[in-house]
Structures are given as C-alpha cells and as structure tokens.
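Order of writing sets the labels: A, B, C, D and E. Residues in every chain begin at 1.
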Amino acid sequence: MAEDSPTLQYLKERLADGILDTHAFRGDQTIVVRRERLCETFRTFRDDPKLAFNFLTDITAVDYLGKREPRFEVVYHLYSMPRGERLRVKVPVPEADPVVDSLTPLWKGANWLEREVWDMFGIRFLGHPDLRRILLYEEFQGHPLRKDYPVNLWQPLVPEREVAGTFVDERSRNKLTRLKQKLAPGG
Amino acid sequence: MNPERVDLPIETMDLQMGPSHPATHGTIKFNLKLEGEKVLDCDVEVGYLHRGFAKSCEQATWTQVIPYTDRLNYASPVINNVGYALAVEKLIGVETTPRCQFIRVIMSELARIFDHLTCCGMTASELGAITAGFYMLEARELIMRIVETVTGARLTVTYVRIGGVKHDLPFGFAEQVERAFRIVRKLLSDCDRLLSRNRIFLDRMAGIGAISRETAIAYGLTGPILRSTGVNYDVRKAHPYLVYDQLDFEIPLGTKGDDYDRFVVRIQELEQSMRIVEQALKKIPPGPVTIEDPSIVLPEKERVYGSIEGLMNHFKIIIEGIKVPPGEVYFAVEGGNGELGFYLVSDGGGRPYRVRVRPPCFIAMSAFSEMIKGRMLADIIPTFGMINMIGGECDR
Amino acid sequence: MVPLDYYLFLSGVLFAIGVVGVVIRRNLIVILMSIELMLNAVNLTFIAFARSLGSMEGQVIVFFVMTVAAAEAVIGLAIIISIFRHRQTLDPQEMQLLRW
Amino acid sequence: MIVELGIIAAKALLVLFMVLNLAGVMGWVERKGSALIQDRIGANRASVLGFAGLGLVNTLIADPIKFLTKEDFIPPSGDRLLHTLAPCLALFPALVTFAVIPFGDVLVVGGREINLQVANINVGILYIFAMASLSVYGIVIGAWASNNKFSLLGGVRGAAQMISYEIAMGLSVMGILMVYGTLELQQIVRSQGQLLWGWLPAWGVFLQPVALLLFSAAAVAETKRIPFDLPEGESEIVAGFHTEYSGGKFLMFFTGEFAEMVTSAGLIATLYFGGWQVPYLLRDGFHFPWGGTWLLPQLAVVLLQVGAFTLKVVFFCWLFVLLRWTLPRFRYDQVMRLGWKMLLPLALLNVMVTGVVIVALQGGR
Amino acid sequence: MTAPVLLFFVLAALSVVFSLAVVFQRNPVHSAMALVVTLFLVAILFLTLDAPMVGILQILVYAGAIMVLFLFVIMLLNPEALERRRALWWGLGSIAGLLLVFEFADFLSDIPRQAAQGAAVGEGFGGPEQLAQSLFHDFVLPFEVASVLLLVAIVGAVVLAKREG
C-alpha cells in the first residue's frame, strides 16, 4: 500500500473514529467510513475548508456477494473544485439491513443517483424525499445489479396500468386482457 | 361566501409529454402539471432505453465491453471508447504509445464536434429554425465522413482498443480534415448569422432554464451546462489526460447559465476542438499505434495464422480476456456533455467485476425539473435540447 | 317582395326560442347564449323596420345593441368563470346562497 | 340574366381553381424551396409509372392520393360530428375570402364590361375580416373535438393568437382605407394607379409603409406559419389542433393553410402593391411619365394586369416560404406581447399619423 | 313565389332549426356552434334587408369574436358535463314559448300587410358611408358612451376573471 497522501492523513486525524480504512490505488484516494452519522461525515468533507470536497461526482454501489462481508459497498466519488482533487468514499452496507443515510440534504444531485442505486441494488436511503425506481418500472421484481440476480431472467412488461385520465377504448382493452391472460402463470 | 379555494380543475392540467413525442428524443417522459401554459411541476421519467449496460459488462471480457460503450452517448462514441480504455489502462497500469495518444485526442475532439453540432443543430431546428439545424447537420456529415474513413463505421465505431487503437489514421487524413474544417467554419458562420443575433432565437433562449453556479454544483452538473454558469471546470484542463496538456486551447465560459449561454459555450467549444485537432495533426509523432504487450494487445493476424504462439496468444485474450489486476479505479474524461467517468472494479479475472459509468446527462436531467419549473411549456424545448440528453447514456 | 310581417314573425319565433332556452336550460353559458339569441331576434326586427321605413336609425340601434351584447357577453362570461371557480358548477339552481 | 350568372360562375370557378391549384403548388414549392435553402434534394420520389421527371405534376397528383387513401381516424371519445366539421370550417373561410379580391380591371367582351372580381361588395375589406374571423372556428372546434390535451393547448393558442392579430391587422388596414377613402377593394386598386409627383405609383407600400409591415406580420400570424406557428408547434405540442387528424381531413387543414397563405399574399398585393396595377399601364397602354406611350390592345392590357397580379401573389407566397424556413418560432407569451404591445400601438399610431397628415394635406377643408 | 321570398323562407327555416338546436342540444359546444350558424343566417337576412354593413359587423363581432369567447369559456370550464334534464321545466318552458309565438302571430295578424322593402331607399343605403353619417352626426354621444361601456366591460371582465393572488 502506498504512502497516504496529505488529504488522507488529515482525514485520519479529523475523523478518526468514523474511518475504517484508507488506501490509495493508482493514485485514487479511497477512504472507507462507517455508515453511522454518514450525513455528518459528508458535511465535514464538504464544509471543512481544508477538504472542500464541494462536488458530488457520483454515487454507486458494488455487490461483493460471497467475496466480502458486509456484502454491499456504496461508493461515493467526491471532487474538490477549489483544490482539484478527487476522493472516493466507500460505505460498507450489510445485506440484512441495506440502509444508508441519504445525501440529498447536502447535494441535490444525490437525488437521482440514490434512486438509481435503490433501483439497481435495493439499498435504501434514509431521508430521501422520493425513493422510487428510476430506470426500471415500479412493478419490476428484484434489483438487477445484485450478483444473485440471474442475467437471463425474463420479466414481463406491465401489460396495463390504469392511469387516471387516460382512455383505453374497448378494442385495445380486450387486446390487453388477452395479453394479460397469456402472460399470467399457467396461461 | 365560501372562503376555501382548493386546487380547482380548471386551474391545472396534467399533461404527459412523451415518451412518444416529437421533442422527447431519446425517449423520455415529462409528467407535467400545467397552469395554462405555465409549468407548475415537472417529474422526469427516464429509463425507456435502459438495456442493462452494467449487467452486460459484467458478463463480457474487458475488451468486449468496448462495443457496449459505443452505445452510451451515441453522438460521441469515440469519447466513450477512449474513456473506458483509459480507465482500464489505468487499472492495469500501462500507458499507450505517443502516436496513439494523439490519435485518441484527435478522434475525441472530432466526436465532440459531432456531439455539439448535433445538440445545437437539433435544438435550433426544434425551435423552428430548421434551416440552421440542417446547416449544422451538413457540417456534422462532414465530420461523420472523417470518422467513417478512420473507423469504418459511422456511429458504432469501436475504434479504441485497450492499449491502443484499432489501426492508424488513413492516408490523406490531414487534408481531409483541413478541407472539412474549412467548410464547417463557413457553415458555422452562416448559422451564427442566422441564429446568434436573431431576436426570436434570443428571446427563446436567453434567460430560459437558467440556474445559478451554486445550484449547478449542488446538482453535480458538468460540461457545457456547468461552464455556462461561469465555473471553469473541464476535465481536459483540470486533470489533463492523453496529450491535452501539450495542446493550446481555451475553455469557453458563460455567465448567466441560461440556454443561450449553453448554446454559445457549445458553439465556441467547436472552434476550440477544431484548434486542438489542427494542433494535434501538426504535432503527431510517427510510431506504433498500440503498445507491444502480448498480454493486453491482440497479435497481428499474420502471427495468429502463422505461428502457434500467436494463435495461443490470440486465443487466451479472446477466450479468457485480458488479466486485469484486482483493484478499483475511477477515471474521467470530458465527454460531449460533461464529465464522463468510468468506475471499474476488477477481481483479477478476465471480466470486469463492476462497471459503472457516470453519465453526465443523467445527472443533468435530474436538474431539469428545477430548470423548467415556473416557466412555459414551450421552454421545455430549448432547455431539454441544450441538456442534450442522449438516451443511451442517460438510461444505459 | 317579402312582407314585413314575415320578418317580424320570424323574429318573434327566434325570440320565443330564446325565452324557452332561458327558462329550461340549467347551464349558465347556454342561458347566456339564449339571451344572445333573443337580442338577435330583436335586431332582426330593427333592421326590418329600418328597411321598411327607409331610415338609418334602426341600423344604428342594432350597432349599439351589438356593442351592448359584446359588453354583456364579456362580463357575463367573466362572472361565470368566477362563479365556477368558487362553486364548481354552472347550474343556476345551485347558486342560492342569497335565497332565504 | 343567364349570361351574367354564367359570367359570375365562371369567375368564381376560375378564382377557386387558381387558389386551390396555387395552394397545391405551394405544397410542392414549400418542399422544394426548403430543400433548395437547406442544400437538399427535396421531394423526388413521386413517380407515375416510373416517371419521376415531372416532380411538380406528380407531386400534385400523388399528394392527394396519398392523403385520401390513409385511414381517417376519429378519436373514440372525441366528437364525431364536430371532428368532421372542423376541417371544413378551416378551409371554407380561406376559399371564400378571395371572392372580393380583384384580379384585373374590366374586361370588355362584346360590349359587355366584365369586372374581374368575383363579387364587388361595398364593404369589401370588412367582408375579408369577417371571413378571417370565422377561420378561428376550424382550429377551436378541431381542437375540442379531438379530445386531446395537446390539441386543446393548440386550440387555445390558436384562438388567442388569431383574435389578437386580427385586431392589429384591422387597424393596420385602417390607414389604407383613410388614404384611398373606400372599403371596396377594386376602388382601392384603381386608386393605386395614380401617380405621386408624376412618376411614383401611388401604391400602398409608398403611402403606408409602416402599415405594410404590420399587416404582413399579422397576415403571417393569421396563416399560422413560422414564426407564428404556435397552434401547431410540432416540437412542443405534437401537431397542435390537428394532432388527431389524418387522411382527407388533414389534407383539408393542410390545403386550408396554403389557401390562407395565397389569400394573404393576394391581400398584401392588393392593398399595398397595387393589385393588378402595372406601373404606367392605363387601360389603353403604357403612358410613361418621361413621355412616350405604347398603346396596347385591350386584351393584352388585361392579360398583363392579371399576369402582374398573379406574379405578385406568387412572389409573396414565396416570401412566406422563405420566412418559414429562416426564422425560429415564437413562444406563446412573446406572440401575445408582440401583438398587443408592439403591433397594436404601432397600428394605432399609424392611424393617428395618417389622419393628421390627411387633414393637413386637405388644408382644413 | 318569387326568388326573394323563397330565399327568405329557406333562411328562416334554417335559422329556426338552428336556434332550436341552440336550446335543445345538450352539449354546450354543439349549442354554441348552432348559435354561430344562426347568427350567420341572421346576418344574411340583414343583407336581404339592405343592411350589408350591419350584416358584416354581425359576422365580425358576433360570430367572429363573441362566440369564440363563448367556446373558449366552455372549453376552459367543463367540456364533459352534460346537465340533467327536468321534464317539468322542459314542459313548462316549451308551453311558454309556444304561447309567446301564438301571441306574436295574433299581434302580427292585426297590423296591415306591407312589404318589408317598401320604402324607396337611395343608393348605398345601409352601406358604410350612410351608417357612418348617422353614427358620427346624429348619434355621436351614444357612440362615445358605447365606447366607454366597452372600456368598462373590459375592466370589469379583467377584475372579475383575475385570480385572487
């Protein structure tokens, strides 16, 4: 493991109890933090003038099924506009209780990114204003980017969704009913 | 008198704009709440083009991912190729040859020109200035022909390889580019006269979809949208990759962060990109276009068919994939719409353990409802147009 | 030549239809339209008399009636809109708050 | 009696034929013109028996066939009757308006003077406005009968826009009425044959230049073409009021728009560019102000006049096409602002100034 | 029967039919369209009575502006809702209307028959010039009052329909 960069050393001093691990690989500084009081940790990242990671680049997650415990890692990429430095923050999340704090109070951009992580990994974000699926449809079963989700699993598209105010005429309604029967198990 | 006045049915109207609507290209849906023509609320629904990019990548070898990246931002596919290849190279810890670096820069900038022309032209034509849009498409076609000469394909180019590019630039490339740029510049000055001082166009664009610098940063916007608010952030300058630090170019900035500034920033970036290509063509050194590492790069066809070592090498790379050391990296390039980042996790096998793309226009779309709230229905067109949402990248 | 009383009778019939509309309809907008119909019936009478007497006064009166009708329609429709905003109905039977 | 009726019918048929054909040709010109402007080839696929050489003729035939053979779709929850009625309401005013536009001076055949105008009514211009005001119904009813929110938005936009611009249009014509002192279009055109200072034709464009600009802007708005094509605004509200129209009914809307364009071009030519007047051409031939005459037979004069009028109409139609392919589209509130805050005050000012100048010139008679 | 009388009867019959449609159509949009047609027919009747100016104004103002306003409001409010019929009211109303018609007929039969086009009128009767002469000479004051009335109506409509902010 390479020598810690000044930022990582400062972080270790500043947030000693919250940090599980730090490392730098290929020049990417990574810091693993506890998921308790996550929001406050990130507030420090953002507001501490020595860190000034004011730009949330990305939120994603990785499923280490059978490789690591806890199973999930939520990965945040931060960027400091004034200092021109990147930081990767990882938060381990156990399978039994896949919940982390939402960063929407700090960065508005976290909204959709967290929705996507929920959609793909089934990790809930506490305090998220509108945690719906974003890329898939509401009726989708499961979370496809989990490693235990089969690649070839075929899920039917939703044949009909009653939306208030939309009009379905008799012919297309019959068509949809037939489709529904066809798609139903045993049909 | 009844003092209670609730939301009355004549006051608001729910309108579902898209997914099949002329303006919602890339397939997207806006659930609008309208008062007359004023947008009170806008819920953006994406995902109609979701095709499981990340899941597919986990099934493919590192090299086989490259064609998938073509289909991310299909208006600038080479940049996606380059970004992915650079990320994998970072993970392996190798650097390509100087000539290849220049070629990658040239092709990326051509793709950026292509992307910006598409965005500006389509927005103009959606605002009714169809002719200006067609002029830009004509310029785009010239760039497209160059890309076609180099890569053999117009859209799904798959030109870049890990450790290099598919093959060298063709004969007469510099002349072709010079000829094309001459016409592109002329067409752009035509468009400038048709649009930039056109009062109607100004009225439709200026002040529309404006967001402040702080909001842009809070949403994590990048690219022309961020730069239009005056924030000087361009990955090519902030963290120069390839040979961008050897080339002289400027980052155009806006001030107000509205649609017009975005348009101007994009148009000015076109000129900068052309400058980069011209400089790179002057500076490009001779030499190989791929690194000489049999564990990464496929051997030449003569060796595959002519020697057993070559055949085995070929087989190993194709069947097992390139062996990438375990670890994780994040690498960002400046895509057409902003910071295009690849976060790769490797478990040491021939296939990626996790591929995550940071899609700039997905993040830009998350700021869309803030840009459009309180504005008119018709303002959706320029605002959405200047975000340049590409379904393949947004939905992956 | 068309006799004058043909016109007058037609005007009377139109007026009566307008009255019927005002009486039987339960929709304020249609009631307002029926009133317009009655105004038109009267206009027809004026024009017919103007022609019959060979004087312009009748036509001038029609001009003024049109002005008044325009004003009346504008105000009436504005009232209808604000009533609808408050009560969600166009039925005059429902607007009985001032009735004892 | 019979002869007169026949003459009127012949004139009406001729005008209808010309307008409809011109509208059809405009459909082709629009496509080819836009292609010319945009460095494209344009419509080139309409071939009859494998012969595509006569693009215009083939397109003229192929277009209606294509439209008429398409499914005529009526939205299931729409209003069948009104849905069918609306295209007729859109086409009707555009066609009948041309009745009062003169396309030539009098033609003398066998001692009978034929006024080259379908109907010469003494309230000519008001008739035009009355008919123009009816063309709103096509949009509004079509939009309502479609039972589609995009249609409704288009209908509301269209109605608001057309009513607003009618006012500006009416007021801008007021100056012309004051200058020439008549409502009859044939009278107006005849007055434009006079010469100012002995050499300049007294065309509306020289007497009322501001009004010409206002009228042209309002006319484009009335025809619902870019930059005023908000009721259709295809990128915003799909196709506006005719979203739910297909086949023959769409063709009627389409023809209606082009017929309106021809009518507007005819009106601009008539009111501001001397209608059928050719400079210095009197009933017996050219009388040049610098001396010299060139006498022509009566038929040649009439043909020249009709030709001049047609040329002017075609020119303004082409101008509309140019405009359409050059400018972007306004936004709804910008259109309203332009109409009420720019065109209307300017038109009022124009009327005022015209009045003052006329009174001053008459010297307090 | 001469041509003008025939024309009159055709127009009269049509206008009665359409005005009945105004009253008896349940859909307000249909009513409004029927009223437009009625107004148009009445305008043509005006033309037969040598009042071309007023006839054109009728189309311009009534059919072209006022009725569009009506349609606008109908569309903005509730295009769907059809009202309930009440048999009693319908019966009473129709009877009242019929009685009114009979009253008119009775009243009209008393006056001596004369042709509508009786008085000799000069060239341009009912044209713009004559109307303008009357309006701006004999009726200047009412004309100005009418303009004030329209102004008041505009202000009133704006105030009434404005949303309380």
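The rule is simple: a contact is a pair of C-beta atoms (placed from the backbone, for glycine too) under 8 Å apart; a residue touches a chain by one contact, two chains touch by 3 or more.
The structure presented is a predicted model; accordingly, all values stated were derived computationally and were not measured.
Engineer: In terms of touching chains, how many steps apart are chain C and chain D, taking the shortest path?
Structural biologist: Shortest path length, in steps: 2.
Engineer: Average the CA atoms of each chain to get its centre, and name the chain whose centre is farthest from that of chain E.
Structural biologist: A
Engineer: By the contact definition above, name the pair with the higher C-beta contact count: C-E or D-E.
Structural biologist: C-E
Engineer: Could you grab the centroid distance between chain A and chain E? Build each centroid from C-alpha atoms only and quote it in angstrom.
Structural biologist: Centre separation, chain A to chain E: 68 Å.
Engineer: Based only on mean CA positions, could you tell me how far chain B sits from chain E in angstrom?
Structural biologist: Here the centre of chain E sits 63 Å away from the centre of chain B.
Engineer: For chain B and chain D, let me know how many angstrom lie between their CA-based centres, rounded off.
Structural biologist: A distance of 46 Å separates the two centres.
Engineer: Quick check: what residues of chain A touch more than one other chain, meaning two or more?
Structural biologist: none
Engineer: Give me the residue numbers in chain E that touch at least two other chains, ranges are fine.
Structural biologist: 53, 57, 65, 76-78
Engineer: Provide the list of chain D residues touching at least two other chains, using ranges where the numbers run on.
Structural biologist: Expected reply: no residues.
Engineer: Under the touch definition given earlier, write down the residues of chain E that touch chain C in their complex.
Structural biologist: Within the complex, chain E contacts chain C at residues 2, 4-5, 8, 12, 15-16, 19-20, 22-23, 28, 31-32, 35, 38-39, 42, 45-46, 48-51, 53-54, 57-58, 61-62, 65-66, 69-70, 73-74, 76-78, 81, 83-84, 86, 89-90, 92-94, 96-98, 100-101, 104-105, 108, 111, 113-121, 125-126, 130-131, 133-135, 138-139, 142, 146, 149-150, 152-154, 156-158, 160-161, 163.
Engineer: Help me check something: in the complex, which residues belonging to chain D touch chain E?
Structural biologist: Of all residues in chain D, those touching chain E are 79, 81-82, 85, 121-123, 126-127, 129-134, 136-137, 140-141, 143-144, 152, 155-156, 159, 163, 166, 183.
Engineer: Spell out the part of chain C that touches chain E in their complex, as residue ranges.
Structural biologist: Per the stated touch rule, the residues are 1-10, 12-21, 23-27, 29-30, 32-34, 36-37, 40, 43-44, 47-48, 50-57, 59-60, 62-64, 66-75, 77-82, 84-85, 90-91.
Engineer: Residue numbers of chain A touching chain B in their complex, please.
Structural biologist: Residue list for chain A touching chain B: 25-26, 28, 30, 54-58, 60, 62-63, 67, 75, 77, 81, 84, 86, 88, 107-109, 111-113, 116, 120, 133-137, 144-145, 149, 151, 163, 165.
Engineer: Could you please specify the touching residues of chain D with respect to chain B in the complex?
Structural biologist: Its residues touching chain B are 34, 37-40, 149-150, 153, 157, 226-227, 229-230, 233-238, 325-334.
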